[in-house]
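Going by the order they are written in, the chains are A, B, C and D; count residues from 1 in each one.
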Amino acid sequence: MHALYFVLGIPIVGGVVLALTGHRDAARDINVGFSLGTFLAACVLTAQVIAGGPLFAWDRQFFIDPLNVFLVTLTAFVGLTTAIFSRPYMRVERDHGKMTPPRLRLYHSMYQLFSFTMLLALTTNNMGILWVAMEAATLTTVLLVSVYRTAASLEAAWKYFILCGVGIALALLGTVLLHMASERVFGPEGGGLLWTNLAEVKKQLDPNIITLAFAFLFIGYGTKVGLVPLHNWLPDAHAEGPTPVSAVLSGLLLNVALYAVLRCKVLTDGALQTALASQLMIAFGLLSVVVAAFFLSRQKDVKRMFAYSSIEHMGLITFAFGMGGPIANYAGLLHMTVHSLIKSAIFFAVGHACQKAGTQVMEDIRGLIKVSPTVAWGLMLGSLAILGMPPFGVFASEFLILTTAMREQPWATPFLLLGLGVAFAAVFSKVLPMVFGETTVKPLAHSPALLPVFVHLGLGLMLGLYIPPYLDLWYRQAARMLGG
Amino acid sequence: MSALTNPSQWAHLDWLLAAVAAWLLVGTSGLFALRRLAFVARVLFPAGGAIALVVFGVALSAVFAPPEVATLPLGLPGLPFHLRLDGLSAFFLMVIAGASAGVSAFAAGYFRKGEGTPPGLLCMEYHVFLASMALVVLADDAYAFMVMWETMALSSFFLVIANHRIPEIRRAGYLYLLIAHIGAIGILLAFGVLQANTGDYTFANMRAQAHTPFWASVAFLLALFGFGAKAGLVPLHVWLPEAHPAAPSPVSALMSGVMLKTAVYGVLRVSFDLLHFQVWWWGVVLLALGLVTALFGVVFSAAQVDMKRLLAYSSIENIGLLFAGIGLAVLFSAYGMKPMAALALTAALYHVASHAFFKSLLFLGTGAVLHATGERSLGKLGGLIRYMPWVTWLTLFGALACAGLPPLGGFVSEWLLLQSFLFTPGLPSSFLNMLIPVVAALIALVAALSGYVMVKFFGVVFLGQPREEALAHAHDAGAWERLGMLWLVAGCVLLGLLPTQFIAVIDPVTRHLVGAGLGDTVAAAGWLLVPVAIERASYGPVIFLLGVAAGSAIAYLLVRALYHGRSRRSPAWDCGFPWQTARMQDTAEGFGQPIRQIFEPFFRMERELPLPSDSHPRYRVTIGDHFWHWIYLPIAAGVERLSKWIGLLQQGRIAVYLLYSFLTLVAVLLVVMR
Amino acid sequence: MSWLGFLSQLLAIVAALLLAPLMTGWVNQCRAWLQNKSAPPLLQPYRVLHKLFHKDSVLADNASQLFRAAPYIVFGCMVLASAIVPTLSTDLPLSPAADAIALVGLFALARVFISLAAMDVGTAFGSLGARREMFVGFLAEPALLMVFFCASLISKSTSLTTIVGTLAHRELAIYPSLAFAGVAFTMISLAENARIPVDNPATHLELTMIHEALILEYSGRHLALLEWAASLKLFAYSCIGLALFFPWGIAEAGAPIALLLAMPALVFKLAVGGAALAFLETISAKMRIFRVPEFLATAFMLAVIGLLVSILLGA
Amino acid sequence: MKYIPQLINLLAAGILLLSFAMISQRRIASLINIFALQGAALVAASVLLGYTSSNADLYVSAGLTLVLKVLLIPWLLYRVIHRLNVRWDVEPLINVPTLMIVGIGLVIFSFSLALPISRLSASIAGGSLGIALACVLLSFMMMITRSRAVPQVIGFLSMENGLIFAATAATGGMPMIVEFGIALDVLVGILILGVFMFQIREQFDSLDIHHLEKLKED
């Protein structure tokens, strides 16, 4: 049996099982168990790829290539750590009465299904299934965001649904157009929407159709990436959902959406032989970096602030892929990985901090280091890492991006400097008093799950100083494939 | 492999890496002894100091050795950390280690219970700080350099906010890290220019690139921005007087005395090593910025009433002098006048070393005072010479060196700097020739003002009557603290007395950077410091010292021999004024008043003058920084305004959000289908 | 080191030590004449020194070691200063130890020590004096340096002996830069030596004094040393002025006859200079302390202009 | 047989017309009817296309659309508005004539976008791409201009209709598995939306989405 089937099967089974048992106390552990299973399967899959190179499954409907193998592992991994984090977190939420058993059942079940949709989106070779999985991911996360049933969470979920629904619908139109272009080459019974087939013939695809298709796909999936000005759902959804959901939204879903954009970009570049896709990505990426940075400086809610930080980083990654070329692409891929790790770690720490303080308002969270030094250092180091302080991996990718931009797109560097500077000033000025100074926070009965925070930070640190050879190889191959 | 296991075959770089590793090890041990102060203070900090001594020795011998390279198995794939030990790095490493050895010894006696951050953690941050400074000057590729550079900023940031419960300290730390980070992005962009799109970030590759003057200038300006932010060049200096005083004193000493030098190192590395040629106006820019900084620093320093802030501003002044020296070197170098460039560069490098020693010493002195009295404000100190004689006399050396007085270290560098100005009439541009006298005059003015500042600092803190009664309980520094200060005093004195020997150390560096050195001419003259020829200029500090000492001693002996040596003690006379209280002495504000008056436009003063009718008259004056109001506040306000406008984008209406998506779609469609 | 050099060095020091109080006495005498007062005897300063040396030194209760050491250090500095200024001969073995810049540094060292000593006792007038002294110094020092630089640019050297040697043996030419420098130097000398219009050496009106405030707490042998050092400073400044602007008559290396002739020449020049100083002091009024910066800034500007002129005109 | 392409074009025009009708319709119940009618036209077009291209997949697709868009979803929506009692008229945020003019502009824009593609296309439905695009944009505009939850959802679904039409007309149907996936997503989506509307009603006593403007930058 193919490990891939386990990677996809375990979360589905988990979703079903937890739909039945999710309200029990043991559900938290069952959730971790299924996530662990998924992660182990992903590890086996990774080992297979390391041993045997890229592979296909189920009549080429699924495939693993350098661009998605690390994302699959990353998704399974962050899925696991978030599940671990959500154990104590959800217990506290239940004790506070914010989560009732039915809600917990919904939460656990949807958590597994959400993992499934992301893994499906990553591993499928079919652009149509990719779309279906993205839409399904939207639907599951809508339920996750609204799980508290408060006015604010309903509003956030509604906006999320409508905005992303519309966005995704546009992506479907793009997919239809892609199909149209592919039919021109393969005929009605041809390779259909399989990406590998399309990539082989990308130079023969009709440029007119592909141009239009990319526009729709970019706007569609770009909405889910959170590119300004399509980002408006993102801060609300991050701020109002449960913190584990914010962590996976920022850490994983945005990556998956960007992954979809990248797949489309490869085809578009091949078909058009112009820099259209690159220019669009540079423009939107840069706009996102700058606008998100200015939004950052006016935030009061800690989760909302880090949501904007995700927009900023997604913008930076998009900018990097827009520049293209081996180094910028490499940096973009590295940034996706590290941002995912660090941002989820931050949300873990923030989750604990907010539970301790009983609020998400930053002004009411003060002096964490007194009460809970580990959470405080997790938040501090995580924030510094995400702001691009070495030796964390975010710095490594920003280093590559900025140095490349200086000679590739020198005009953009003042904007990047502005964006990064304002973002640093904004985030740091808010995190500093939260961590240090006199405290307002009361200790909590439950011990926080700090393993995920520090494992993530540790990995983020490692990627700044040492990139494992296989990961390096995948990055290089993927960067070559993405071209530029 | 055998070379690695057998220390007798180790090259300099191996020793240095072992020392850096040992520092990190010491730091890590601190984490395991988080709250065991005695262990941290009596074992770990002295161990760190001992390692610093090893580094000092190795670096000193490495100055004369050929460059060595190494790579560490860290970093990005295809870009492991490249390290290179050449003359320039060895010189700076020597300065770093030399000053930090004394600071570490002092720190062993300094840290007490009850500060915000646990001592073990402080020890960790401190040693990471040391290690990162050492690696900054060793780094031979952009990535390693940036990682170490930011690690340095980060570790020192955490040290600054050691006492994080005070909001001002947090604010200082914030400002510090913010400007450091923005500066770091500037440096990063400079490296981005220098790598010239080759994707190879090693310095070796950057040296091999041929840049157009335009791109070279872009790189230079970006690097100047970045390193200037770290060095505290006006107008990027605002963090410095906040952050340096906020840190615990040994850390202030390291930051002011040592860390600032890494910025100087960076400027030298970029403008003389990584870039092949210099453009004359770079020198003018450096000179101008340096002078403005120096004058600004010293004038503000004179107006300060907090002893650590005073020293921090004095650091700004010294950095300004350093940059002026480098600017002159660039100017000469751009016109191919190598010996002159070497002279100016020697002056700058000499000042690097002497400033490292005397400023560290002064900060340690304030640390001891702070510990003994709990007071940083000059207005509440005084008369400590009677309670803390060790600290007083040791600090006096630092103050004299800082004031640029012969025969101590600070004077030699100023002397060399002024000498190099006297050679400027050789420059081929008459415009520059016009400029130089003004510049020299300003340098002389700054040097004289720093004497004023030091008299104020030393006199108000240590001399006169105690301004508070509690000062009578002040205790002198302990053995470790004295040891640390003594080491630094020795540095100041030796730097002052042995310029020829020390210039021999600088010689390889200037040869490497500008292709000429003073070593030969200086060595030929023996004990006299003769930069060019004995008819032109010479300075013999040993003879100088002996002359003054002999004059004093003979006078003393003769007076004793010819007359009686009787003394009587009585109350101070003070023109017969009967009620003498400590409050009748000049306050720090009063001592700075003439400077405030003369340089009034420099300050943004807010004064509250008492009315004649006040029964309890109080005079209050606050000194503000124009740059803060001219540059930083407008920027902050601009950002705030802009973010307010941008915030209007998001008003919560889903219809509007959909409209954004719609318009974006239409716009993109229009763009792609054009 | 030649014997002659050693001899001339020794001679210079002895001459300075002996002539300095005499010069002070001469200036005082001239001034008294000019002001229609009956003049004190020419040797009065020696008597004062002798008297002071004989008295007990009364120290304030809280005076520290620094306070007691300062007079000797200041005296030592001034001795070295007068040793390296070419008074009689340019063949001075001590001269390479300190060039013009170091000489300025030497004056600064003395100034810092005397100011610190004045602050030591912690009286109102002591710290006032220290502040004013440093305040005069920070403007006068760079100005003095600029004056030296004017001369250095002509002689391409900062070594005092070389400067004097060059200036003394040039063709008689008028250097405009030296004219500016000369005026500047005169103004600086007045300020540095506590002369009217900056300070009044004879005053005991506390609020206006600078130098007197510094040494207010000193008595006995300490005061004697400081007074002697003050005379030495005046002597050294006068000699610098003479060496820079009227360098004739100073002997060169290996010219023992010239060395013999130099002595009367020096005495003559000093007598004229002292008289001129007394004249200047008599015709000017003491200015308010707030005006001093303007006075000194003018001197500084003049010196810088001199420097500019010398570069611009090549002279 | 030869009328079939013309018939398909007629149905395409009908779908476009119904989109305009939705924009101008104020009553929610009628809106649902129009939506169902649009679905029916879509089904008919799919069947005809399947017949001409003898593509059996299109029949399945038509069947899916019939079940979902013509029967199930309108029925669900009716239940919702009955249960929530929201049958009254809703005024668009912008008046109808203006919307019509903008709509016409959008149609022209879509056609011009589709022109280079349909010129190349030999397929019978080459021209229908422009219509599908226009439908999507019109539905988009409708979502923008409606302030109640239900019309907004109908707009969303109508957009989906346009997409399905594009898929069937321009490409002869997506791969089957994708079709099923899309259908499943739409179904789950509408169920979730239905639940949401109840919850929103519960929270705010109204389905006016003006209540959903609390989360913003202030």
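Before moving on, here are some points about what is shown:
Methods note: a residue touches a chain if its C-beta (ideal position, glycine included) is under 8 Å from a C-beta of that chain, and two chains touch if they have at least 3 such contacts.
Every value quoted in this text rests on a predicted model; they were computed, and no experiment measured them.
Greatest centre-to-centre distance from chain B is found for D, with centres as Cα means. Counting contacting C-beta pairs between every two chains, the top pair is B-C.
Centres computed as Cα averages put chain B at a distance of 36 Å from chain C. Between the CA-based centres of chain B and chain D the separation comes to 69 Å, rounded to the whole angstrom. Separation between the centroids of chain C and chain D, computed from CA atoms only, is 100 Å. Remark: chain A and chain D have CA centroids separated by 30 Å (rounded to whole angstrom).
Within chain C, contacts with two or more other chains are made by no residue at all.
Chain contacts: chain D has residues 113, 116, 140, 143, 152, 209, 212-215, 217 touching two or more partner chains.
Each of the following residues of chain B touches two or more other chains: 647, 649-650, 654, 658, 661, 665, 669, 673.
By the contact rule set out at the top, the touching chain pairs are A-B, A-D, B-C, B-D.
Residues 126, 128-129, 131-133, 135-136, 139, 142-143, 146, 149-152, 154-159, 161-162, 165-166, 169-170, 172-173, 175-177, 179-180, 183, 188, 192-193, 206, 208-209, 212, 235-236, 239-240, 295, 298 of chain A are the ones touching chain D in the complex. Listed in rising order, the residues of chain D touching chain B in the complex are 93, 109, 112-113, 116, 137, 140-141, 143-147, 152, 209-210, 212-218. Contact residues on chain C toward chain B in their complex (touch as defined above): 53-54, 56-64, 66, 72-73, 75-80, 83, 94, 96-99, 101-102, 105-106, 108-109, 111-112, 115-116, 119-128, 130-132, 134-135, 137-139, 141-142, 145-146, 149, 152-153, 156-159, 162, 206, 216-217, 220-221, 225, 290, 293, 300, 303-304, 307-308, 311-312.
The part of chain B that touches chain D in the complex is made up of residues 647-655, 658-659, 661-662, 665-666, 669, 673. The part of chain B that touches chain C in the complex is made up of residues 382-383, 385-386, 396, 400, 403-406, 411, 415, 418-419, 422, 425, 433-434, 436-438, 440-441, 444-445, 447-449, 451-452, 454-456, 458-460, 463-465, 528, 534-541, 543-544, 547-553, 555-556, 559, 562-575, 577, 580, 582, 584-586, 590-591, 594-595, 597-598.
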